[in-house]
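Labels run A, B and C following the written order; every chain starts at residue 1.
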Amino acid sequence: MPKKREEVYTGRRMRRTEKPPEAAGSVRGKSETAGTDSRGSGKKEKSRLRPEHMTDVRKAAKQVNRNPGQARGGVTAVELASLIRRKPDFPVVLIAVLTAVFETLGLMLAAAHTQQTVGMDSVAMIAVIVPLGLFTSLILPRFLRMDALIMALTNFLCGVGIVTLCTVSPLRGNRQILSYALSLGGMVIACLAVTHLNRYHGVTIFLMIAGIGILVLPLIYGQWNNGAKNWVSMPLLGSFQPSELVKISAVFALAYYFSAHRTLIQMMPALLFSGVCLLILMLQRDLGTALIYYLSTLTVFYVACGNIPLTMLGAVGGVGAAVMGYRMFAHVKVRVAMWRNPWSDPTGGGYQIIQALLAISSGGLFGMGLGQGTPEKIPAYYNDFIFAVICEQFGQIFGVLLLAVYALLLLRTVMLSSRSRHSLTMLLGYGTAAMLGIQTFMITAGVIKLVPLTGVTMPFLSYGGSSLLSCMTMIGIVHGIAGRAQMEAEDGILLKGGIRN
Amino acid sequence: MAFCLKGAFAIKIIRLRSRLMIFLMLGLFALTIAYFCYSVYIYGGRWVANPYNPRINNQKRYVKMGQVMDRSGVVLAYTGTDGKRHYNSSEKIRRSVSQVVGDSDGKVSTGVDTFHAQYLLGFKTSLFERVRDAVTGQEQEGDSLELTISSELSGYITEQFPSGKRGAVVVMNYKTAEVLAMVSLPQFDPVNLEAALGDPEAGALMNRCTQGLYPPGSTFKIVTMISAVDHLSNLDDFAFDCTGYYPVGNYSVTETSAHGIQNLRSAFANSCNTTFAALSQQLGYRLIGDTAGQLGFNENFMFNDMIVYNSSYPIDDLSPEDLAWSSIGQGRVLATPLHMALIACTIANRGVFKEPRLLHRIITAGGSDRILPFVAADRSVITYTTAERLEQDMIDVVRNGTGTRAALSNYTVAGKTGSAEVSNDKSVDAHAWFVGYVTDSAAPYAVCVLIENGGSGGRNAAPLARKVLQKAIQMKL
Amino acid sequence: MDAWYSVLSMVFGYLSALMILAIVLSAMRKTLTDHRTYRRVAREKRQIAYAGELTVRTGGTKKLAAGTVLYIPYEGTLGAAPGCDVVLSVRRLHLRSAFFWVDGNRMHLVPIQRDAIQVDGETLKPGDEAEMLNGAVLTVNGIGMELRIYEDHPGTREKMEDPYVTRARRAQVHKGRGKGIGSIGTAGSKKSRRQKAAENKTQDEA
């Protein structure tokens, strides 16, 4: 591995004496030939070219079209413009409108259902959520470089979660709405950060140190809850689960240290960080989250470096750790036994999964109806088992399609991050997708008894401020990556002087 | 090996690996969705009806539970204006259908009141019906169920059953696979459930027809016979000299008396243990196991209309004596009376196995019929010729063999008797079995009689079977 | 009231199934068309996906005839293996011969194997980093290629942290605080894109 000081060699700089023929169509060329008053009209031209104003496809297409020699080889100006347009197109508008309708009707039904206990609060909440959703899906993309489709799908998922929670547990529903609003702020911050940040070293180091610091908090201040000691009670915000937020640190650490031409030794900080997090989580007995961290580290490692032997080594180590965990922890043994045959202990260990299965099957294809059924019988129904509650109330078809929404979200994330120019942003996107995807799979498969239960929540649907905040922030990262790609495309199409081939 | 870790990554390959990653993750999601659909489709109905499901009880607050009737319309259970569940006024009828109808609290988890609560409590009402109920202001009412059983036949069976004995009698129509009677003794009175709960040893709440697993005894020779017919050749030349005992391994299979030289049919008619023990050595446990599996042993019965426990035939490597005893229905072989009746139906249908039905009609609160749930398609499990041959053998049993007491005057009965030993103690009687059917297609009735500790099948079970078949023919069910 | 509520909730159940189906289908459609558009645009207008190109000028082989254009992404590897980002199917070239990244208007190249790599005539040893501007000539095992970077004005936005990381380099950059190679400081990073575009324009006109 080269370690000596690099020599810098500078190549010749070619002086361009003539403009390449395509430059006749370049934007700058246009402004020069437009009129004698080059400065003045140049300014005007430039102001029309500012991508912040490129909200209309037609306007952008016109700009691009004015340059002859453009639409070549089957790529129309409209298509070019569609890469940089800010105004959301029809599918996104459809999704946003359907979400708004869904939330409105759902919350009205929720209000009608719970009128004995909380009053007409839920109707008031419509006025909060629906505008937020519409704003972030339809209007915000015009000002902030982000991906409108992911925003719309995320809003829909959060909307489903909120409607369900408001029906079965109105107090929690209201708190969820508050968390939703706050998390949107977190998402915007993350989006801006990733779009404009160029140097990640400082940020990553800070996040890693802060992550470990926060992760250790429950060991010192936390209380035991359900066999895991992974939450802390904060004075204002209530209970707070740091392992969710540290996911963001992990994503950044993995992306930074696995990207861009590194040797194994240089990758070590990320692996060490991951290892330390795993250790702390094991101490906290939060084995589900530990499994998520481990699997995503493994995935990002493989994607980044593709070294099969090392990946296999990691996998074998993980399996070994799982077996050890099974031997060491009694509650893991119980969980596996209950996964195999929950009916052997229907009122004790198997109660949760049995009630979940009964709830899902009682829903039938189209659900028992919002507010019907008895979801409260499932322990943690607002949290880990929200999927079972949704299947009960909305039906199995809805549940299956909900999983399809998650899958589409992940697919779009990976596709967008594949467009990045640098491996760091690519790995940020992949890491986010891995974390969200693995978590969703683990909890859904646990609820339907495909794999043993682990104590993780469903992203976007579960009640829990820290869970929602961390998921939205990760989506913010994805928006940032998409925004970067959009910025680069704008450069390529507009600022670089038109399209040269 | 540490090739790429020299510090050079190709973006192209990272993209490719990311495609692999997303492909795997989507595969995981697809697996989840597939498993979800599968488990809900197969087990969904059972889970809804599970007694731990609080929604069933919850629904009773809003919906009036529908009626349960027998095939002639006799009301077996209904919800009165006081909101409580009431049963037939005649105690005899109440008791004879007690396990089939069950109770509405889930104590009898396989009873119709619990198992089919989705219909009775209106889970299947359509939107249109709900709108109509809402508009007319009517109380929401669940569907009523018309069962295939006949309360009169069930009452008759209860009367004729040897008093003081426990057991089960199953009567089926083999053309339609409808269960005409499922009587399990001892019985309980749903009006007085506490008495039955206070005596768990009696097991009155258990439906012995579908949940009672007993060694089938000589009735299992039907299976062994089918196996021999299917897998052995030159059966016409088969001759066996029964001397009363047949040494197998370190033990010997005994017979009450020596039958002398017999061919296969006479051995079957006389229910000769030694012949079949010898046959089993020739066939081997794998071939007999295959046939048993085809006929439903070791199969997880997921019938739509009722819960039937699985019958078992051991298929691990049996020692020769285990093999011999299993082939005559002793040892670890277990079967439910309903399953044996299904085997009789299969032979009557020339090898076609049909799923048994308990629901005759589902009548909505508005009076129209609802479509019955789909059952598994009929499947052919043994060949036509084999079934034909078995029928002749079974006719011979009733005509010349151990089952003569089951013969009817105007109809041909085919059957097989069985006396299943249950204890080495000679004072404990064997279980008495009779499995058979009426061959005439005008009277397509199959029956299975089991009398716990009833003694000899031919002497005690066969006469009961005759009476039951006679009654069924008379009632023209 | 209860009866009507159950009717309404049933209707809502059907409606929500329909709605989510519409959402899934339209999201699928958008993802697909977006992907297809991007692929087509990236193939036709190389600026979007690639940073520049290398044109073979001298010493072309049968596979790499003179005039062949190789497109360069913003970072990657160069070598003979088909998995490399810039594939030079030349005999006697290591599978993974060098790696590079494009930063603004220059391409940094670092060989990692002992191949005959020269930039503008000067030989590079494994570990040396070369900065190539627009027009530089890269010679690999006898094949001469001319570099052309699409984005050819200095001080543009593309100042991502350098992917080639050694302790020495990092120390140099951080110490320099703006004087290091390829850091934001050289161009005065606080300028907005508008200003930079103006600069480009004035520079061009000059």
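Note that contacts are C-beta pairs under 8 Å (C-beta built on N, C-alpha and C of every residue); 3 or more make two chains touch, one makes a residue touch a chain.
Keep in mind it's a predicted model, so treat the numbers as computed, not measured.
J.: Could you name the chain whose CA centroid falls nearest to the centroid of all protein CA atoms?
T.: Per-chain C-alpha centroids ranked by distance to the global centroid put A first.
J.: Considering only C-beta pairs in contact, identify the chain pair with the most of them.
T.: Going pair by pair, the biggest contact count turns up for A-C.
J.: Measure off the straight-line distance from the CA centroid of chain A to the CA centroid of chain B, and report it in whole Å.
T.: Spacing between the chain centres: roughly 53 Å.
J.: What's the distance between the Cα centroids of chain B and chain C, rounded to whole Å?
T.: Going by mean C-alpha positions, chain B sits 70 Å from chain C.
J.: Averaged over CA atoms, how far is the centre of chain A from the centre of chain C? Could you give it in whole Å?
T.: One centre to the other, that is 25 Å.
J.: List, in ascending order, every residue of chain C touching at least 2 other chains.
T.: Correct list: 6, 10, 14, 73-75, 99, 112.
J.: Got the chain B residues that touch at least 2 other chains?
T.: Counting only residues that touch two or more other chains, chain B contributes 3-4, 6-9, 11, 13.
J.: Enumerate the residues of chain A that touch no fewer than two other chains.
T.: 259-262, 266, 368, 404, 411, 423
J.: Which chain A residues qualify as touching chain C in the complex?
T.: Answer in residue numbers: 2-14, 28, 31-32, 38, 42, 46, 50, 72-75, 79-80, 82-83, 89-92, 94-95, 98-99, 101-102, 105-106, 109, 112-113, 149, 152-153, 156, 198-201, 259-262, 266, 366-372, 393-395, 397-398, 401-402, 404-405, 408, 411-412, 415, 419, 421-424, 487-489, 491-493, 495-496, 499-501.
J.: Could you please specify the touching residues of chain C with respect to chain B in the complex?
T.: These residues of chain C touch chain B: 2-4, 6-7, 10-11, 14, 73-77, 83-85, 96, 98-99, 112.
J.: Inside the complex, what are the residues of chain B that reach chain A?
T.: 1-9, 11, 13-15, 17-22, 25-26, 28-29, 31-33, 35-37, 39-40, 43-45, 47-48, 50, 52-55, 58, 123
J.: Can you check the complex and tell me which residues of chain B touch chain C?
T.: 3-4, 6-13, 16, 62, 127, 130-131, 133-134, 137, 140
J.: How about chain C: which of its residues touch chain A in the complex?
T.: Those in contact with chain A are residues 5-6, 8-10, 12-17, 19-24, 26-31, 34-35, 37-38, 40-41, 44-49, 51, 73-75, 99, 101, 110, 112, 119-120, 122, 124, 126-137, 147, 150-151, 156-166, 168-170, 181, 184, 193-194, 197-198, 200-201, 204-205.
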